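Listed below are the structures to be examined.
Two complexes are shown next, each including subunit A; its partner changes from subunit B in the first to subunit C in the second.
Let's turn to the complex of A and B:
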């Protein structure tokens, strides 16, 4: 494609714009590194993008240009940020934008710019005083493609806090259906924890309760006001899931988080964990149960703790030998 | 205008970045039906899942390979889910490589059953990775500073002298700097903390006054002031997301460029009561620790290995790890989670609970260990290596085996796992991880910095592991990297000292 013959150069609508050609540094005489032989249409579209961005143009044609660049390279983070600005400046229909975005999201599953863009739109209280009805359906559609997609879960967590959806029945239903489909979906377990024990309306920030406060890091995640029924309910849920697949770190560690939130120790589950470790017959059905027992016994610095850590070190989790040795040292000291 | 492709050597791995086409919704639901069907069935024995698997299983492993690295884990739940399907498939792919019996592996194998580092192939791969890319790589257009960093870092680890591309690095990076401060992913792209991090580290690696003088520190400082958020963290770019990467990249830049700590007068973060760029940052990172013990990209999200490194490295810049990490992290929880990232028989690290091993976590997870070990060792008492130390809390042998047996692509470059293409990102971070296993990293009680801000970040030293600890050969040794800055110690020091000598007009 010769100069002036591209889609934009030959379009009267773009006549007023002088494109800014790419400076890749080769004018210096040195050959720049890691250069890409861009397709001609990309080179042209981005040269117009540089020009309209330099002028901070908020227009319909600039909006169409962003869509064009996104279709050529959705990983171009700059164009997404510019697009969001234009959408607000021109007071566009953001529901329409979301519809378009759904298609792009399903096409480029690993892209993360899309999810920040979605969050920027959704953060506008003027446009979205409440969560749009189809939003959670679409997220489940995304999870059907990749149930552990980090960017989608990050966005969903933001949604919970933004619209205060901790107790929305749909949230727990979705999490449960994902855990039912794959009890090892750790992302879903994490989401469940934040729904149940994450800081709520009165807390300025997310994370574990007490985190980043004047309290010691060891106090993180321990609730000041505990709903014992909720804690008991979550422990029962975790037990049922552990019985489905005892060698599943997600469920055991969720239970630890629950006990911690309730200010209750691991000792409470000594009996339950013991069901998976038969020292007489030598039958062990969960390495996580062995670790659990080790932690219970370690509270009294007993020899039994050393026995459990040794079992992990020698038989059930030997790749972590150095860590188990470190734990043994701590018990012995 | 960009150089016409063909004038120079083209890269040999076209489309390596393109992931396998995603399943269509129809395929996906079919797969789910199959999964549900399998839920009723017994989980198949890993050794009989395929003809090839059976053949490989019957074939004896290299005699130097311990059973830990050739046998499936001792406990396997019968319940089949998508997670176990993927895990079993990964194991089947890795086992022949771990055993040293794959046709796709190059030797020679040492007495431990570990193949040699294909040094020449990787060097060639990385030099190629710095040259031209065909049009199919347009998705990398915003990652060119990264491509340069990965290439230079990988080559430096392999002992190459990258100062030979000094002028080319400067030429490439100059147009990426914006007059309003910081570097973007390319000319005309808005400044981004990840691009700026990669650009600054690349300049540090090639070194020299002209490279250092390229950075406009005044505008960089102003820009960082605009990225600082009311909760203590940093956005990655203006209008962009806030996450732990932003916190780490900003701290690297502030400490290497010796920027003033104070927020620019116009910074909105001052309204939140902050005076300094680093105020509230430790507290922000504290909120990123999840109930599992690991660290997430932003508060409340799932713990993830790459973010764990960013957070711990950031804390290790803010102050001595025994103070900053101990203050902001629940250490027992963090240790347990981090330790659980290493799997057997693979030997490599996963990024999250119930996810697969990936070579890149050799750095992201492996790189957390020196920082945590230093936090546990406490205040350094001398200028030499400490006599008492917690030592290695992970299996160096396991990681070395995974890297050398599974992550080397037969045509050069390193990768996520067997069956995947190599790319510059994995080549860089797998090598960084290998280098970390080959050295003991520790802090001393002295730092070359005149300015005491962040001086503990410049007190790191390293010494090679002893031959008796290693399953690799002397010829497989790599250069040591600074555990926070992920470039050679000297490169970080030289850059910092150069800026210390340069006046900064606020």
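Let's turn to the complex of A and C:
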């Protein structure tokens, strides 16, 4: 595309703008690194973007230009910040923006900027004093595409904190349906943990349990006030999920976290884990149960711990042979 | 097939990798990289570092070329301190003003990569606007001490670290958290009281366990399906998960009365002979498939913790060389993927940590070769 032939150069609406061409330093003798074979449309659109940004223009045409640049490069980080500023400056309908954003989100699943933009909009109390009705539905639509999408989970975590949705029945329902669909979805397990045991205030310590300075690091993660019924309920939930998939690490580690939050040790599950491991017949029904027993035994009975670690090393988890050797050394010493 | 794979030892196609990097360095990257335009300083870092790990940067480029690359990095320096991630936000001489400079910002990762790039290229950092940079950087720090993500132990329940407390633990964030502490330690900040860095502490050992647990033979490639079919009978885990997948969640405590029976009715898992698993890469989160870059994120973190020995380096090597190393050079994200700059560099660096012949040794915190670290230490202003 020759200069002056692009869609902006030939559009009367853009006549007043002198585009700023990309200066990659070549004129001053520099050799650019990581040169990309940019599509001609991208080069043209970004040259107009630089021009309106340099003029700090807040206009409808600039807003449309940001949409164009985003479609060519959704990870262009300043274009999103610029777009947000225009939206607020022109007092645009943010629900409409969310509708548009939904489509972009479904198209570019792995994009971070999209979710940051959504958070910037949603953080405006003036526009969103409460959560928009369709918001959680859309997140489930995203999870239908990728139920472990880190950006979406991060955003959902923020939503809960921002709108104080801790006890919204929908939260737990959504998490349960995701775990039901895929019991190995560690993101869903993590979200459940946050709902159940996460601190509910926006504390300066960014939500660390027991973040007081007088506490030793080993006490972190232990709740100050323990609802034993809640802890018991979550342990039963974990057991039921372990029965669905005994080799699922997520459920076993969830149980460890629950016990820890309740200030109760792994020893409490020695009996449950023991049911999966019959040393007499040599029958094992979960390698994670073997690991659990090893961790229980490692607290005191060295020999039995070594027996479990050896079982993992030689039979059920040979990939981690070196790690099990490391654990054996620690127990023997 | 598995037997054959276990027996033959794959090789690093050094010449192919060098060709791949020279192509990335000296010709245009494909237009698919447009979505990485904002991260060109990172792409430059991955290119230069990859070539340097292959010990070929100085032999395959001339001093004049390296000088013009240095000039480009400085071209990306922002007048008010720090570096921009790419030249695309630069309005040109005389057009940058207080009212519009927000659209042409420096950022922290780009500044880090720019400085390392300058060092890799042999520059003495004399043209870095140090005072401006040092005035700019603290302005980004938040009240709680954090810069970008809020990192730190105590957040996740399984030993790893996440983007923020109570988020799902993730190897990339874990690397950043441990790396930040490592830099503090190197800057002579007393980190002896940091539990996370203290062998024997619960936090340290849980973190090592979490990192070791990231190694997986779940590769998520097309061949996996075939293997699963042939090994279904031996694979109690897969059997069990697929047959029970459709069962409803039943949290009713009543249903657990028959717990013993239920457990005993589960299939027993079979012993897994080591030689049936030819290779194992790493994932970044629990229950995800392996991905080349996580060999780096997890391996580098373990290297900083001085616990590299806990991983299965032989299977990691086979995963990288047999499964994600590409015929044309470079590494892909997962088996069958075309190579890209990030996975190529991180694949090589992971192998370098394991002492792969022909590769330079790499510092896990700075992610640069020991040659470059020595150069940094030789600079007159270095502490």
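By definition in this document, the second predicted complex is superposed on the first by the 316 of 333 C-alpha atoms of A that agree within 3 Å, B and C clash if a C-alpha of one lies under 4 Å from a C-alpha of the other, contacts with A are read in each partner's own complex, and residues count from 1 in each chain.
We adopt the following convention: a contact is a pair of C-beta atoms (placed from the backbone, for glycine too) under 8 Å apart; a residue touches a chain by one contact, two chains touch by 3 or more.
Just so you know, these numbers come straight off a predicted model, no measurement behind them.
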Exercise. Does the subunit A-based superposition show subunit B and subunit C clashing or fitting?
Worked result: clash
For this session: Based on the superposed arrangement, let me know which partner A:248 touches: subunit B (first), subunit C (second), both, or neither?
Result: both
Exercise. So, does A:84 touch the first partner subunit B, the second partner subunit C, both, or neither?
Worked result: first
For this session: Examine A:145 and indicate which partner it touches, taking first as subunit B and second as subunit C; both and neither are also allowed.
Result: first
Exercise. Touching A:240, do we find subunit B (first), subunit C (second), both, or neither?
Worked result: second
For this session: Applying the touch criterion given at the start, work out whether A:22 contacts subunit B, subunit C, both or neither, answering first, second, both or neither.
Result: both
Exercise. Touching A:66, do we find subunit B (first), subunit C (second), both, or neither?
Worked result: neither
For this session: Go through the superposed model and pick first if A:102 touches only subunit B, second if only subunit C, both, or neither.
Result: neither
Exercise. Touch check for A:30: first (subunit B), second (subunit C), both, or neither?
Worked result: both
Seminar exercise, completed: So the subunit A residues that subunit B and subunit C both touch are 20, 22-25, 28-39, 42, 46, 50, 53-54, 72-78, 81, 148, 150, 153-154, 157, 183-187, 190, 193-194, 197-198, 204-208, 211, 217-218, 220-221, 244-250, 253-254, 256-257, 260-261, 284-287, 315-323, 326
Exercise. For the complex, which residues does subunit C have touching subunit A?
Worked result: 24-25, 27-31, 33-41, 43-44, 47-48, 65, 68-69, 71-76, 85, 87-92, 95-96, 99-100, 102-105, 117, 143-144, 146, 150, 152-158, 163-170, 195-196, 201-203, 205, 208-209, 212-213, 215-217, 236-237, 240-241, 244-245, 247-251, 253, 255-256, 259-260, 262-264, 266-269, 271-274, 277, 280, 285-288, 307, 309-312, 315, 341
Exercise. For subunit A, which residues are in contact with subunit C within the complex?
Worked result: 20, 22-25, 28-39, 42, 46, 50, 53-56, 72-78, 81-82, 148, 150, 153-154, 157, 176, 179-180, 183-187, 190-191, 193-194, 197-199, 204-209, 211, 216-218, 220-221, 233, 236-237, 239-241, 243-250, 253-254, 256-258, 260-261, 272, 275-276, 283-287, 314-323, 326, 330
Exercise. Mind pulling up the subunit A residues that touch subunit B in the complex?
Worked result: 20-26, 28-39, 42-43, 46, 49-50, 53-54, 72-78, 81, 84-85, 109-110, 116, 119-120, 144-145, 147-148, 150, 153-154, 157, 161, 181-187, 190, 193-194, 197-198, 204-208, 211-213, 217-218, 220-221, 244-250, 253-254, 256-257, 260-261, 284-287, 315-323, 326
Exercise. So in the complex, which bits of subunit B are touching subunit A?
Worked result: 1-5, 8, 19, 22-23, 25, 28-29, 32, 35-36, 68, 74-77, 79, 81-84, 129-135, 137-144, 147-148, 151, 165, 167-175, 184-190, 192, 231-232, 237-241, 282-284, 286-292, 297-304, 326-331, 335-336, 339-340, 342-344, 347, 352-355, 390-395, 398
